[in-house]
Amino acid sequence: MKPRSLLLTSAMAASVLGFATAATAADLKEVQMLHWWTSGGEAAALNVLKQDLTKEGYTWKDVPVAGGGGAGAMTTLKAMVAAGNPPTASQILGYFALDYAEAGKLGDITAIATKEGWDKLVPTALQKFTTTNGKWDAVPVNIHSVNWIWLNKAVMEKIGGTEPKTFDDFVALLDKAKAANVIPLALGGQPWQEATMFDSVVASTGGIDFYKKAFIDLDESALKSDTMKKAFDNLAKLRSYTDPNYAGRDWNLATAMVIKGDALVQVMGDWAKGEFRAANKEAGKDFICYRFPGTDGAVIYNSDMFAIFNVSADRKAAQAAMATATMSKSFQSAFNVIKGSVPARMDVPDTDFDMCGKKGIADVKSANSNGKFLGSLAQNYAQPPAVAAAYDDVVTKFFHGEIKTSDAAVTELVKAIKSAK
Amino acid sequence: MTAADLVAAPRRRNYSSQSIVTRVVIYGLLGFFAIIYLVPLIVMVMTSLKPLDEVTGGNMFALPKSLTFAPWTRAWGEAAIGVSDTAGISGYFMNSIKMVVPAVVISTLLGALNGYVLTKWRFPGHKLVFGMMLFACFIPFQSVIIPMAVILGLLGQIGNQLIDTFGFSFGFGNPTVNLVLCHVVYGLGFTTLFFRNYYEAFPTELVKAAMIDGASFFQIFRRVLLPNSTPIIIVTVIYQFTNIWNDFLFGSTFAAGDQSPMTVALNNLVNTSTGVVEYNVNMAAAIIAAAPTLFVYVVAGRYFVRGLMAGAVKG
Amino acid sequence: MAVTTVSGAVTDRGRRITLRTRLQGLVPKLVLAPSFLLVLIFVYGFNLWTVFLSFTNSRAFTSTKLIGFANYEKLWTWTFESDPPSSWYTAIVNIGIFGGLYIVFCLALGLTLAILLDQKIRGEGILRPIYLYPLALSFIVTGTAWKLFLDPGIGLEKAVHDWGWTSFKFDWVVNPRMMIYCVAIAGIWQTSGFVMAMFLAGLRGVDGEILKAAQIDGASTYATYRRIVIPIMRPVFLSAIIVLAHMAIKSYDLVLSVTGKNPGGAAELPSTFMYSYTFTRNQMGVGSTSAVIMLMTIAAIMIPYLYSELREKRQ
């Protein structure tokens, strides 16, 4: 058989089998995006970016892997990178981006960043995760903050509640709800939710400077201080205001309890607002948002980012277009209105945002300027994943009674963090 | 004749003489267990036929008050999954078929050949080889992901070279081919076990006679063994089909995106992190995704037991 | 055997035939070789890689920096941390509870159903797939259904309350101490039908003569089953236990979906421990170490089984 006909036959055989990959010498105009925003408001928000890029003539190649708050997607990403086939970009959280940067797997979009002046627009604290040695290798999509509480306004009026300013006020409010036969606190009893709530409890109990000392600096004396014990005791107090079936509940089901008026309040990051929106509820009219009592002025943040991977030269143009589109003011506004978060660049007008969004944007600006803008430990923005997971472990074990006292909890916390480092 | 037949034989010649009470108890127990096994499926089907407010508001065991098939059409072709252009899980159905058919065929064929060699063409050390292959059944998939990714990456590079040289990858680096490889490799232990135990009981005299007649290795396999292997082929096919169709880990790790199998799409649909959870759509999607395997079980269940009986479980 | 005939043929028929026969003798090995090679690389090669990683300080990515037995020491200390329980301690206790219940109940239910079905039952063809179908469903979905079903606020407890029995209580899934039992219930539901099929096949294969002899000796039905039928099915028990043990060890989706992401860490299993340390906690060294320990545990179960299995064949 002549080489040519051999080739033809094999090619035919291959295409008959349906496995032949036709000669796609990597489409220049293609953005391959790995993410875990597969449904509801999140997918709708991401769709804005897809449309923006489609308008510019780029094809969107969607690689969604839902589940486990990105755990599934992170496994896929690890496999793609190990195989030498990284996506154009991937949704990523804080310290995970640093890992890839350290391993030299991320690309470089400093040129665009310099041109557009991102370093002046993005909060400095956030740039720790988007840059490596001054090189930009990720773009932030939004800024979430975890120290919020969400209340049903009708229930609030029924029980005659007012905005709680301190933790004690909060407890008094919860007592009122309990007396009125409403579930005071809607809670999803999953490790990450409990730890996310504890972030706020710690900042409220010890103040934001204590939060910084304990969780950002990992100061051992702060970690085992009486203040930390008090924070665990406060967490236990909150637990007594939940319904008995909270264990294992998804967070959006807990939000639904507040939306329906079965429960008064949920402690949750501002992604909860997306749920109210999806249920056609209006901020100020149907629901109220306050900062977690005792944390006003501070922002304990997390952020969704797109990590830029080191891809072949012919894919870099698409990558740059994706980064530019993500950082554009219009996208940052449109996306974050849907998602419930606030824009990652601070020059986006707040006109399209509701009252909670407007407060969020103002809070980020002020907190950023006075050093009260700190990463959430539960959400991987204060410490590497190993430490954050160890923290989640201790909090959830305490919450579900495996660790019985706050004394034991702080001892375990110190031990677990040490062993994870 | 069943075992019970013989057990009961001397005192009671046949079943009709088993006391009525005994029969009632037997049927009662079987019916009771059948209901318990069916409850989850019934709940799933009923949930999928209710409008969402009836699902979240009502009793999960209650019959639908207003019957709707909308969740089924949504699950099949309308529900958005991520921001891809393909809506619903219908687009991923073919991906699964394209993966599961070659994987089942290849692993079954290799298992049959291995079983044939390990029983009829034995060589020193055949037991060790068999033992080592059997151990492949037990490897936890999570621990092979990274090295597997590296190897698949190498295959992808070969594919790119081939594209540069010939214009075609010959399947190298194709996600579906990669999944077929994974499933063949980690299914080999089971298929070899099934066929080896089946052929163990197959009369060696027939093979010897064919050898004397001058039949070659493959002729004997094709003319003597294969025609007599129907039950075990069915067992193996069913077992492999179920496992491969339901695989999620390999599918989501090595073939995420538009080539992903159905389970990955299903997971993306079901794992809502925001928004209202559409339980009715989820349940409908789940039943659709399980339909091929359910079909195989119902239709081939009869052969399944026959095949098992014929040798798969007889150490 | 083909290989041994080669030397005899040399003097009689000359070189040509010798070569052909010799090649023919090689064919079986050549047929087996690809499978064996795949297993060597993808199972044993990867296992060695995992063993290697367990001695390194690999975190987010694989690292080649050796740190001796540090990871093993870590897990060894965690093994004995019971108050408060370390995740590893919980994982070990849970695999004991879960694995024990899962295997015992699947065997008991499977055997009971098989014996009942073996009583010449009308409608066996309908009942069999009913018991079998749960295996066909992927846990991505049935997990959600089970979670709903077990949730006291939405599922069984609420339904029973609605029906009037208001003191009924079934809240295991929200009680950290009972959570693992819920996982076991869902697991037993999924697999017991498959075990039933194995036993049914075994029962149908029991040699009638032995049973007749027992009956003539006057043994009761119960005694015949207990003393004769069940002992004869020993290989079936072993196969079933092995299949169940490997499924128990590999269970992963099951735990996370039924319990809702493992609240309080109370439903930890070695498989979830390994996955989270390897992929989400960025302590790949520790994850690999737990994988090695899992594999050694599997080997500890498998090797005696294989030994007894292969030794019996020799008799």
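A, B and C are the chain letters, set down in written order, and residue numbers restart from 1 in every chain.
Everything below uses one rule, namely that a contact is a pair of C-beta atoms (placed from the backbone, for glycine too) under 8 Å apart; a residue touches a chain by one contact, two chains touch by 3 or more.
Quick caveat: nothing in here was measured; it's all calculated off a predicted structure.
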(request) Would you kindly count the fewest steps from chain A to chain C, each step being a jump to a chain that touches the current one? (result) 1
(request) Would you mind telling me which chain pair, B-C or A-B, is linked by more contacting C-beta pairs? (result) B-C
(message) Need the CA-centroid distance for the pair chain A / chain B, whole Å please.
(response) 37
(request) Quick one: report the Å distance separating chain B from chain C, using the average Cα coordinate of each chain. (result) 15
(message) For chain A, give me the residues that contact two or more of the other chains.
(response) 75, 78, 250
(request) Can you tell me which residues of chain B touch two or more of the remaining chains? (result) 145-146, 148, 267, 270
(request) Find every residue in chain C that makes contact with two or more other chains and list them. (result) 279
(message) Under the stated contact criterion, what part of chain C meets chain B in this complex?
(response) 1-3, 24, 27-29, 31-32, 34-36, 38-40, 42-47, 49-50, 62, 109, 112-113, 115-121, 125, 127-142, 144-146, 148-149, 154-155, 158-159, 162, 189, 193, 197-198, 200-206, 208, 211-212, 214-216, 221, 224-225, 229, 235-236, 238-240, 246, 249-250, 252-253, 271, 274-275, 278-279, 287-288, 291, 294-295, 298-299, 302, 306, 309-310, 312-313
(message) Per the contact definition, I'd like the list of chain B residues that touch chain C in the complex.
(response) 1-11, 15, 18, 26-27, 29-30, 33-34, 37-41, 43-44, 59-61, 110, 113-114, 116-118, 121-123, 127, 129-148, 151, 184-186, 188-189, 192, 200, 211, 216-218, 242, 245-246, 248-249, 263, 266-267, 270, 279, 282-283, 285-286, 289-290, 293-294, 296-298, 301-302, 304-310, 312-315
(message) Give the list of chain C residues in touch with chain A in this complex.
(response) 59-61, 74, 84-85, 87, 147, 151-153, 171, 173-176, 179, 256, 259-266, 276, 279-283
(request) In the complex, go through chain B and note every residue touching chain A. (result) 80-85, 98, 102, 145-146, 148-150, 152-153, 156-157, 159, 163, 166-171, 173-174, 176-177, 252-254, 256-258, 264, 267-277
(request) Using the touch rule from the top, collect the residues of chain A that touch chain B in their complex. (result) 7, 10-11, 14, 17-23, 25, 32, 34-43, 46-47, 50, 60-67, 69, 72, 75-76, 78-80, 82-85, 250, 252-253, 256, 271, 274-275, 278-279
